[in-house]
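One structure below.
In this document, chain identifiers A, B, C, D, E and F correspond to the written order of the chains, with residue numbering beginning at 1 in each.
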Amino acid sequence: MLERNVETFIGCDASYDDARIVLFGAPFDSTTSFRPGTRFAPHAIRSESFGLETYSPWLDRDLEDISVFDSGDIELCIGSADKALDQISERTSVILADGKVPFMIGGEHLVTLGSFRKVFRKYPDVHIIHFDAHTDLRDDYLDVKLSHACVLRRCHDLVGDGRIHQFGIRSGERAEWQWARAGHTDLHPFNFDGLAQVVEGLGSAPVYFTIDLDVMDPSVFPGTGTPEYGGVTFMQLIEAIYTVCGKCNIVGLDVNELCPPYDQSGASTAAACKIIRELLLSVNYK
Amino acid sequence: MLERNVETFIGCDASYDDARIVLFGAPFDSTTSFRPGTRFAPHAIRSESFGLETYSPWLDRDLEDISVFDSGDIELCIGSADKALDQISERTSVILADGKVPFMIGGEHLVTLGSFRKVFRKYPDVHIIHFDAHTDLRDDYLDVKLSHACVLRRCHDLVGDGRIHQFGIRSGERAEWQWARAGHTDLHPFNFDGLAQVVEGLGSAPVYFTIDLDVMDPSVFPGTGTPEYGGVTFMQLIEAIYTVCGKCNIVGLDVNELCPPYDQSGASTAAACKIIRELLLSVNYK
Amino acid sequence: MLERNVETFIGCDASYDDARIVLFGAPFDSTTSFRPGTRFAPHAIRSESFGLETYSPWLDRDLEDISVFDSGDIELCIGSADKALDQISERTSVILADGKVPFMIGGEHLVTLGSFRKVFRKYPDVHIIHFDAHTDLRDDYLDVKLSHACVLRRCHDLVGDGRIHQFGIRSGERAEWQWARAGHTDLHPFNFDGLAQVVEGLGSAPVYFTIDLDVMDPSVFPGTGTPEYGGVTFMQLIEAIYTVCGKCNIVGLDVNELCPPYDQSGASTAAACKIIRELLLSVNYK
Amino acid sequence: MLERNVETFIGCDASYDDARIVLFGAPFDSTTSFRPGTRFAPHAIRSESFGLETYSPWLDRDLEDISVFDSGDIELCIGSADKALDQISERTSVILADGKVPFMIGGEHLVTLGSFRKVFRKYPDVHIIHFDAHTDLRDDYLDVKLSHACVLRRCHDLVGDGRIHQFGIRSGERAEWQWARAGHTDLHPFNFDGLAQVVEGLGSAPVYFTIDLDVMDPSVFPGTGTPEYGGVTFMQLIEAIYTVCGKCNIVGLDVNELCPPYDQSGASTAAACKIIRELLLSVNYK
Amino acid sequence: MLERNVETFIGCDASYDDARIVLFGAPFDSTTSFRPGTRFAPHAIRSESFGLETYSPWLDRDLEDISVFDSGDIELCIGSADKALDQISERTSVILADGKVPFMIGGEHLVTLGSFRKVFRKYPDVHIIHFDAHTDLRDDYLDVKLSHACVLRRCHDLVGDGRIHQFGIRSGERAEWQWARAGHTDLHPFNFDGLAQVVEGLGSAPVYFTIDLDVMDPSVFPGTGTPEYGGVTFMQLIEAIYTVCGKCNIVGLDVNELCPPYDQSGASTAAACKIIRELLLSVNYK
Amino acid sequence: MLERNVETFIGCDASYDDARIVLFGAPFDSTTSFRPGTRFAPHAIRSESFGLETYSPWLDRDLEDISVFDSGDIELCIGSADKALDQISERTSVILADGKVPFMIGGEHLVTLGSFRKVFRKYPDVHIIHFDAHTDLRDDYLDVKLSHACVLRRCHDLVGDGRIHQFGIRSGERAEWQWARAGHTDLHPFNFDGLAQVVEGLGSAPVYFTIDLDVMDPSVFPGTGTPEYGGVTFMQLIEAIYTVCGKCNIVGLDVNELCPPYDQSGASTAAACKIIRELLLSVNYK
């Protein structure tokens, strides 16, 4: 009798019951306005993770020491943002109900909304830590409310002022910057200045952590739909991740906007894999 | 004083008033379920058309002899099929109201619905001649009604049985084939057998002509989202186009499903350009 | 409780016990002398199969009607042909012992030897039907005996003269052609002439069916390591497959030499998927 | 009545009369000795500029606040450097005569000569600020005087010693370095050391500003014909641009040597777009 | 003591003295108006020829039986068509003077002129057999006389009416077609109809044979600068080559317009290699 | 009489007798477990070196001043690591016997073993300086002892503890790190800290210098099989090379793991070329 050889993110082959973190892919990019393809990211990340070691020499920790279940990709309803977000919410619900931490791999940034809606329902006092090149604060984009360009604005609809902490931002319409600076979000432009203080201030509050990988400079991470020069380096991002995960009470997280069709060398996918490894090894680590 | 050097499809620089045919691009692919990228097709076709001559040695005719206005691309609402189809309908309306023939360059096949709705309103007795590899007759796709996989079914909602004439079809769910064969559409599998008779039978009835370029075999036309082997050759398609355009009363047409990200050599884009040239030179030619 | 969403070749999700055919991938290309990359083929085929319908309009049959278990890829020992062939033999053994038909997806053509050794042990009177552009009859290649360029010669070491029936061959060293023509193999150059007679003559003898996809012309199938112009078309190959599978007693089969790094458009991978579907639907069909 | 939807660099849709700066593309690369393709740059830049915001958070300025006319590409005579340079000179003449600033997007670096000849005629005391990886000071290249490798030498033929200020240089023949160091040009190797002083010293003298984008390190900007490691970062270039544009009396400028065929991810094109935006927002800003 | 391992076209390692045919590369594409890159063809062909066998099963001949010297590439003066053509003429002169047959690998089609000028000087009664998709009969192209688009017109300047026999032609300006049909050239559109008669009629006259590889359909040969659908298949071209080489007195030949940057799969390069092999094995074969 | 135009690494055209350094390519990648293609590196490096100047402005030295013989590539036995290593050892032997310095261009890192075996035989007290992202200290990899992942472990089998000095390391299994830290190798993680002291300590001992180019960060050097973020910059590597070459008694060296199929822009190949130039200009420079 043969068993099927099943592909998961490397080292994430715990059973669902044993797992404290549950990975899932959200292969959706229907609202991407410029260059589509993030739908291929979860699959690419899972495949390319086999070029990665399970051991992190920075942290001196190994994926073999922790328990993660990779539940594979949701088969999302391409072409309808409404339905796709509902499907994501449903998956997140189950994970939260079972007392586990949902870790979503996008897809475009809009997928965050599907996951965050359920996190917010469970933790109404949740804060968002948001790493990104873009503000994502438009109220609508070409008349559409459910767009990657509006996703943090939709989250703001839920949490209100002062609960969204943005870092690395360097692109947006003038109106978005003005809206943020009017106090609606806690926007830190260009880099991670102020992150340690924010983390300190959050104490034990629940935190949803969303990383748009384009927060990295395109010299580091070209494989994304809308590359924005002037960003952070890989090691700056890793250090910032340690800052957040080392102190915060993370109740949900996601990594998004890898766009494999624009990653001919595979290096951006490799970066995403290593970032996910470091997140897994530092979030809620015992 | 400098004039702006504006890019149009080669030889299509008539004024709007003088034009009998109006080209426009519909760069939409939000419901593409497999591999996106047809949104880039109108732009790529316009650029690559400069590798083409305006003269057709097969027809011994030249684009310089006819009057076509290329109105550029519509700025479509990515992420909402409803709104995008309305925008396409609006553009088509204007063209039809001015007594001209709308010639749309997709985009995914769903865009046909936006144009056809207005053609149907003006010509309620219109027939559709449909060249494609796929049936496109699903009633819904992953619960979505407005999907590229359902576009001819949506057209059937308007025109009913026996008015859709499909050629070259070689892929679909078993249920779609059964539905078609039950008499809902006039489905001719694999090639153009029977086309001359269909054209003969249509007489002077108004005809909407929609060409999914994947009707061609992937050896000829690899640059499409869902390549289906077993298709027709380039010259077979050209001959079929002459058959349709030489006799039928074409009141609207479109060419769709070129996917430039999968056309590294540019040959598929060149095929699309030449097909458009031959269409322009044979449709309603005086 | 969440179940893992597992990727198989489309429609091949039967349980092992129910299955009559067992698919497995052999991602090996260490002896490829020219352009490597066939190791990526099983994975690419599995992924891209989701662009395929389960229904074949040529056969009017559907993968939903048959029972296939896709056991995933073997984790082969890259860098040692000896060990990799042993691993393939082991997998084949289990499948044969359970009374099922092994269907291997390569990898380079050498993998055939691993599977065939066990098929030959179970069926000592087995014949081989071999579709290929290349003779693959070198006794050694750069002093190596276990090479893709020698694989049919190694099979000949087992079965001897007259039991290997080669079709479509159009490339090889002069010495290989002379050796074949001396009666060691039944070589049919360039196309499938004589196939029907060979199949007729085999009667109910057990047959191992190995298809090197480069038997197709590079205009049809460019995505392979050593493209050889002058080959057959897709439909010629499909017809030949029906000829073989409709009559022969197939006891094992494989499809190999898709090289995804040279298939930018994905069309060659799509061709491989459709060929596998038609094989699954026609081999030993009840 | 339909208006044509015309593509310009984002935010550069002023009328010619209103514009203070006039953009134009010079798609020429016939003398490129190594890897051609810069001819595609102006078109790619214009297309990809739609991934950019019009607002710069560094400068807190917006393209909506200034008036730029994008006149499109010149249809240059590929294959004859002489004629192509004349065509560029002619375009520049018109712009200068109308009291506007010509902003050319190359093409290979040779195009600078076409523009500079007319700038020099109008401003005989003009200086050149030159950012580049290469000296471009050969007297001839394979016996050709009008070559990208000689362009600054040809400019020196016009302006003589001490009027060309080169920064970032890290590649050239030994003889070119010796010639420069003999005092013919003001060569600053490797980076922007000394730029502030040079700018200070120029006072209100007219300045032609030419940026070969390969001044950036290939880690930042791989999409160029001759990548030279050891260059500056994106932010270093942006700061240097502010230094120049904030003080100098810029009377003409160009950006060149983006080579889209070597920019698979589009990141280099995105870098070029953002550099052009920052130039437009800082040159002669009121 | 080590010898250098030198790369030649496979099997073409005769000494210059022994050789009857001399290969050389002409890596020039400065006048290419649409998509450059044929400069890389001779190098790519030489490299990829190692995927080829020296034995042709169609002809039952082997490169080991004949004597060819591959002299490598000329280092051409990129940027000046005049000088590059002189360099080609010089190389051809030496070969002709030594009583050998020059076999040039382009490069763009203009290179033919450099070689043909010397062939014409030695054989004033020479005819040209020209396989191509394009007429190449413009008198000038954007005001340039030495352009790939004019190359057969420049040859006509030398030989006059009725000495240029064109086959496979399917693209050109209307004026070129009219000029050809007025009797200036012997133009056979679309395919090789009439070739056998032309060859018969030429008897023992000296013939220069120039093959623009884009005579093949882009489904077969996508890797070229200006793909033109409606062309011949690979086997049709091979048969036509046998027709010409089997009877004609070939005194010089060339193969041109492979454009490797548009040949991601390498299949077009493989086609070029096999065509060169068949040419070498059939031209003046003893 | 024509001489063959032979391609060498730029400026490396000394005769064998005159040369102090002998370059050779080792195009082998059969044990590459993840993404193959380094076999193409020596060829790519030789070709692309023509985009490089022979003069280094950092060192103010020129390749024209030194004598290097490029002996081309060894035709290695793909598919058998044993035989390939023997072939490499044989080539190295000849060079060492003639009193010259072998400079090998890989290929995967395993090739180092072939060269080092002979260096070790001649210089039993040799030390290794090893720049890499990976430990390469596995005792076996998937049961194979001769693997790229084991190469330094195999060298350790020869030299024993304390003679391998590793820098830049940031990836490996936990067990490898523990083994190294137990004193078997002198492992310096992440960067070049401690290099000057190591070099100082080595005095005039013979040194074999092996550079796995993936020691550079993937932002700098994406074109490699297993990109590992967190690495050094180009200029840090160049400085480290000067540190080693300026003081050490280098008796053999190699540069490996460039993987051209993942270097679409060519920038990584350009980096490799420049690193080789700087090595040639600084190693044993008189």
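We take it that contacts are C-beta pairs under 8 Å (C-beta built on N, C-alpha and C of every residue); 3 or more make two chains touch, one makes a residue touch a chain.
Everything numeric here is computed off the predicted structure, so don't read it as measured data.
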Under the touch definition above, the chains in contact with both subunit C and subunit E are B, F
Note: among A-D, E-F or B-D, over half of the C-E contact pairs reappear in A-D
Relative to subunit C, the most remote chain by C-alpha centroid is chain D
Top of the farthest list for subunit E, CA-centroid basis, is A
In whole angstrom, the CA-centroid distance of subunit A from subunit E equals 55
Taking each chain's centre as the mean of its CA atoms, subunit C sits from subunit F at a distance in Å of 39
Touching two or more other chains in subunit D are residues 75, 217, 219, 264
So the complete set of touching chain pairs is A-B, A-C, A-D, A-F, B-C, B-D, B-E, C-E, C-F, D-E, D-F, E-F
Listed in rising order, subunit E residues that touch subunit C in their complex are 50-51, 53-55, 57-58, 62, 217, 219-220, 233-235, 238, 264-267, 270-271, 274
Subunit C residues touching subunit A in their complex are 1-8, 16-17, 22, 43, 47, 69-75, 91, 94-95, 98
Interface with subunit B, subunit A side, in the complex: residues 29-33, 36-37, 39, 75, 77-81, 83, 141-144, 146-147, 261
Subunit A partner, complex, touching residues on subunit F are 34-35, 169-174, 177, 189-190, 217-219, 222-223, 225-230, 262-264, 268
